[in-house]
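Dropping a structure here in structure tokens format, bear with me for questions.
Read from first to last, the chains carry the letters A, B, C, D and E; within each, the first residue is number 1.
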């Protein structure tokens, strides 16, 4: 129970840091920490596999990717990046509060059901049996997705060069 | 055989119209064009005479040409009839018409577009014959509008002058106001009686009349409005004086002899119905009486020879209508008959004078024409005597009978009689004034200051001849022959309708003949012969006195001075009269201008701001809201997200609401 | 069933397509081709009418079910009324081609293409008796006219054509909505979306009050047609469209397109929604009567001759709507006659205006005056047509107006009397027009050298004038064609 | 084992695309090989669809009936899009490969029977969509792509929230035959699905991306976006929501339907009103697509029905075809104008290329719903259905909004026929064969579907 | 286990949403997106526990993959944009119409 609250507070603190930090690098770091604490929550809930994936992919790869990009871009000029529109602030705060409130109320309503643990077999084996016997299709889809994303990234970032090259070829 | 004649009667004028205006118009010279029209009318006249004799002996002839339309039992046919009523007008139209056509050959000699003139003339004759011979309302109405149209064309014959055009337009519009009533009246009659045939209406079913009293009264009043339009009665008499813008022979034929009497003709056609409604008759009677008086008053002070004659026509038409209004339809027709001759005569004389004076129309610029134009003078005198109502001439008989009938009309007889008598005296006065000023006195010398004003139209003529009256000359034979013929007719025409007291054997031949068709005069007290003699004598004396007064004022020495002093004495009356009671101005101010303004308001406000405004508002709202939305569209990235978030919130709230209030 | 029907029917369209392949620079050949086309169209229209066994009932000429289009069926049928309007349509196309023979444009092929497609669409909507088919052609009419006005029109053509298109299209959308509603109902009853008379009558659309289905459908249809006619408060597109449209557009618009609104009312609204028609009869009759006076008064104060004629159209169409909705057989008969009469006189006026415009290059009436002196032939013809327009007896204009007034009088005398004021008002503006153009003094020097009409130019006006008079004297010529159909357009009880 | 056929074909498709991808690096003729491989893959896949009536892989994936029909249409259009892209430029060929991936995502999306497959496929389509926008060679393509991506990712997160609630509501992820345990969660899940559908199709409050994307995407990419993204997502979402709404508690069902109706009507009005004031024609089309989305979304409220599905397919296909045709032609006009995207690009168009203009007029009129074009048939059918199901008020108001639509559609026509001196002097527009081919195909289909909508689509 | 993780998940989600609205540069927005996805993933795991549906953990697995791809594409786009416009501020990517 106490660990729950502790983890929650840590996660929330880092999450708030992501949003409210003025430096993007700090925000990225805070995100990394947020994701790590989520991974810890996963671990605590018994979903070990996901916890590992979370650490590996999200915390490891993605955060690094962010840092890479930040290095590519001259981040010095993009500081102090919080918006200050008052109306927007009020509107969105209200809406977000409403979302949160409704969310909380509905959850609260079903709290008995929701806090029970009904998973009989939480083992990795059972999970992977599901994955490869039933859910192989989305898994394969995910590979296609990754491939597509790869191509997309290449095309997007390489476009300028390619266009320049082709135009050059045309001129010649 | 007579049926064929009947069908052919309107055909010849139509042929003449087509020949003159369309088919061979470029190959004719003036005389040929005139001859074509004259011949067509004359042939028709012969046919009319032949048919009339048949009708006199054997009753009406009718011919049904083709079916125009049917509605239930109502048959709208092109159907001609020659009955007692049409005989008279038909004879007048073709007879007097051919005389005038003959006259016109001379009168229009020097004009341009004479072919057109004679074409329209023939068209008028054709329309008039349609009107007269129509067996039902439809054909009558066709002719009715046809004469309106040809009158419009002839009034606007010299269309180069905007004034003439306006006069023509005015005539047409006033007639159209009448037509409005006529159409509705026809419709009302047709729907009540289930027929539009005059033959049927001559013997209407009293049960129907009693059952539909209100509708019929309204319809009859509407018909009266129609008649008022065509016959130039109050409130629509204003067009007739202006109609004198046309060539004078035209005025003689249309605006004096035939066309304007169509209203009386129409009322006679439906006499058997309207005679049942005393209120309608009263309206007609008062309308006629007042018109007669008003027109006579105006005629007193006019300067234009044609205008005077025009107002006298209106006045005489008032007499006729008065006769109809007191239920003496046949008498009314009798006056139509006699009036046709003397008024045509007077107009032709005026035409002759105008021709002789090189298109000078101001009577104060004439004078002394007695010697220069003797034939014209003498024929004019005959006409003058007839219209003034001197015993022995045709006008006397008809006028006297009307007055008698008015006097004996139950209810308001005395008043109508009084008005009629005053009008008769006024008529005698202004006719004498005219006769004197035109023919007898020497031309006045001092009205040079009026010279500019005198130049009315055809300035070129005036320029050449200086003072028109000074160089006047007698008209050629082609013009004087009709004058003489008409003068004879004017003198003797009255003898076919002698009053009872004068001749027991030959009394009221005309009236009895007409009363075969029209409603008989009813409910009038019978006057003793003595009373009638007294009345006649009194009337004649008074008329002679009135003539004498006029002669005294206008012929005696210093008449100018005297006139001026009289003018000063009756200044108000004189002004009102010379300004024609400002009726034109009143209409202009009270009806036309407001209506035009209203049209302007409709265009400027209703059309522009209400109807188009509605559309503009719709457009503006659409494009305005579009602009507004476009300016506030979620262009920025975060706005798009904000919209999504708001959407999400709303969805959640809605569902949560449902969840709470389930 | 006419085997050759489709071929005949498609002739104008095929002819129009032919213009696409016409030689570009040979003006004379194109014009000749157009003339032949319009003659052929007229010929087959006459032929179709002659072949009609009985004018009093709808004779199915061609029918095909469209299993491929939601099982709708498509019927081409013809009775006296549609045949008559078909003749008018073909005749007016010929008139247009002849009257604008001297047209100077570098887009001649487009011009004729549009005219022919327009004619084709009009004849299509006249012959279709299924609602769907009617709607197809109803909409198809809009585009060619839109382009015709938009390309060949006057200065303000863009706005005018937009307005025309938008207002008519708005009406037709309302109609489409009702059609969809009825289709849906039909599907509930019959399992098919098909809409024809019998089916719509079996739908049992209830009428109780304004918000009941029948009333709403009635109004949506009625407004669609009112916008086309146009009836008084819906007319604001008409003056602008007329003023900006080229002569061909004006002639076709005034001559036949406006009548299609009335035709739609007669063919669909009155037989299909009898209770709603009965309930709203007075309203519409008053609208018609108001339109008569409104059109007349507004026409009176116009300075632009084309606008004057346009407003006079509104006035005349007021009569027709009033007659149609009086639901008196005689008035309906008169209304149909008036459609023809208006289809003769107004195109005549527009042709006259066209000749004036091509000579003086202005439409302001102040700039004319005294033209009769230099153009006598024109003046005479123009006068006859004007007389026809102001309903002088013995011209065709009188017949319809008289019948309408008489029929209406039987239903509602007050409206009839109000409407009859049109008799007084119509000469006011028409004579004003005639006086300002033909009569009066020659105020403008440049008008002295105007040429009178050539024989070619005069031909259409002569034909129209002769028709004006013949129909006025012998209206049976026309009424015989549709006499039997009247019962169809009058609700009994 | 017959289903192996499908797997084989998918593998062949992916393999050929991989070949294409690899061949890009071959010097000189790489792009031709790559183009050929991509085209071949698309063609093979298209051919495969005729081999069987039903494709079932597991309980998670099945293609049958209307889905096959839809897939046939989409895959043949995919072939055409690849053809339009052509082999002239390396970038275009790369785009073609991306399109193939998108297409594959679409196939899986269409067949998905559970949320996991659905989600992954949806994201595939979406991600490739972002990339396709970004790789268009127009001026603002990247900005538009960034906008699209961020908003799309937000929606993807929100969708996932819905998935989570769905999971809580039905104790499972399957979309077919799930039993609802918790109605509140179910309602929230459905609400979020509706929201997602609205975003993906570009309905009113979620339309922020649509105008920028439409006006900044090059031809082939946009067409693909239309065909795969719009048709498949639209079809899948709407039919899915129809099904899912059945299970809903009637009270929530009413609320949800109300939300859909409000969004539909609002979209119709918003789209039409916005389109009126747009200067650029592409934006006009974009906003008109918002309006059309409104029309389509109303279908969510109808009961699931075989016939309705066909009509939905027809509507989607017809709309997309027409809009694609218009944008293709607009691009052709824009290319030869100095002012590339401005409001005047169509001025005097008729005198510069008659065929193209006439086709544009017909396309536009089809969108406006003038009879004899497919647009009218679809409109008629759609609204008849709405009336039939008792949505009288909604259908009527949408009809009224479509009156406004005429105003901007007719602007196209009006502009084309306007004579403009400055534009008359521009050179006449020449069209490439592949483009003309596509125009003609669209034209033919517009008229075929307009006159005989049941011919191919089996509509009743 | 307590219900507090549900509120945490909701908090992360909404905070992420807020961040996407308020952050000014694209990279921060992407960060917030990641956080949002993390929150939802947590929610799914929680639901998975309570409903006993094991395979929903796989959904989280895919979610992580997808968000990674998203970030990849997003970042490459940002780079491409940066190359062109030298900015990653959302204010500067406004598309000027007309």
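We take it that a residue touches a chain if its C-beta (ideal position, glycine included) is under 8 Å from a C-beta of that chain, and two chains touch if they have at least 3 such contacts.
Just so we're clear, the structure is a prediction, and the values are computed from it rather than from any experiment.
Following the contact convention of this document, B, D is the list of chains adjacent to both subunit A and subunit E. Counting C-beta pairs in contact, the chain pair with the largest number is A-E.
Located most centrally within the structure is C, per distance between chain CA means and the overall CA mean. Between the CA-based centres of subunit A and subunit C the separation comes to 69 Å, rounded to the whole angstrom. Our note on geometry: subunit C versus subunit D, Cα centroid distance of 43 Å, whole angstroms. A separation of 101 Å divides the Cα centre of subunit A from that of subunit B. Centre-to-centre separation of subunit B and subunit D, using mean CA positions: 78 Å.
Shared interface positions of subunit E, defined as residues touching 2 or more other chains, are 16-17, 20-22, 29-30, 41, 47-48, 50-52, 55, 58, 62, 66, 69, 73, 77-78, 80, 84, 93-95.
Residue positions 635, 637-638, 641-642, 645-646, 648, 652, 659 of subunit B are each in touch with at least two other chains. In subunit D, the residues that touch at least two other chains are 116, 119-120, 123, 127, 130-131, 134, 145-147, 150, 154, 168, 184, 188, 211, 407. This structure has the following touching chain pairs: A-B, A-D, A-E, B-C, B-D, B-E, C-D, D-E. On the side of subunit D, the complex with subunit A involves touching residues 14, 18, 21, 57-61, 89-91, 94-95, 97-98, 101-102, 104-105, 108, 116-117, 119-121, 123-124, 127-128, 130-131, 134-135, 137, 145, 168, 182, 184-185, 188. For subunit A in complex with subunit D, the touching residues are 106, 109-110, 113-114, 134-138, 141-142, 144-145, 147-149, 151-153, 155-156, 159, 162-163, 166. Residues 635-638, 641-642, 645 of subunit B are the ones touching subunit E in the complex.
Residues of subunit D touching subunit C in their complex: 361, 365, 369-372, 376-377, 379-381, 383-388, 392, 395-396, 399-400, 402-403, 406-407, 410, 413-414, 417-419, 451-455, 459-460. Across the interface of their complex, subunit A is touched by residues 1-8, 10-12, 14-19, 21-25, 27-28, 30-32, 34-35, 38, 41-42, 45-52, 54-55, 57-58, 60-62, 64-69, 71-73, 75-80, 82-84, 88-89 of subunit E.
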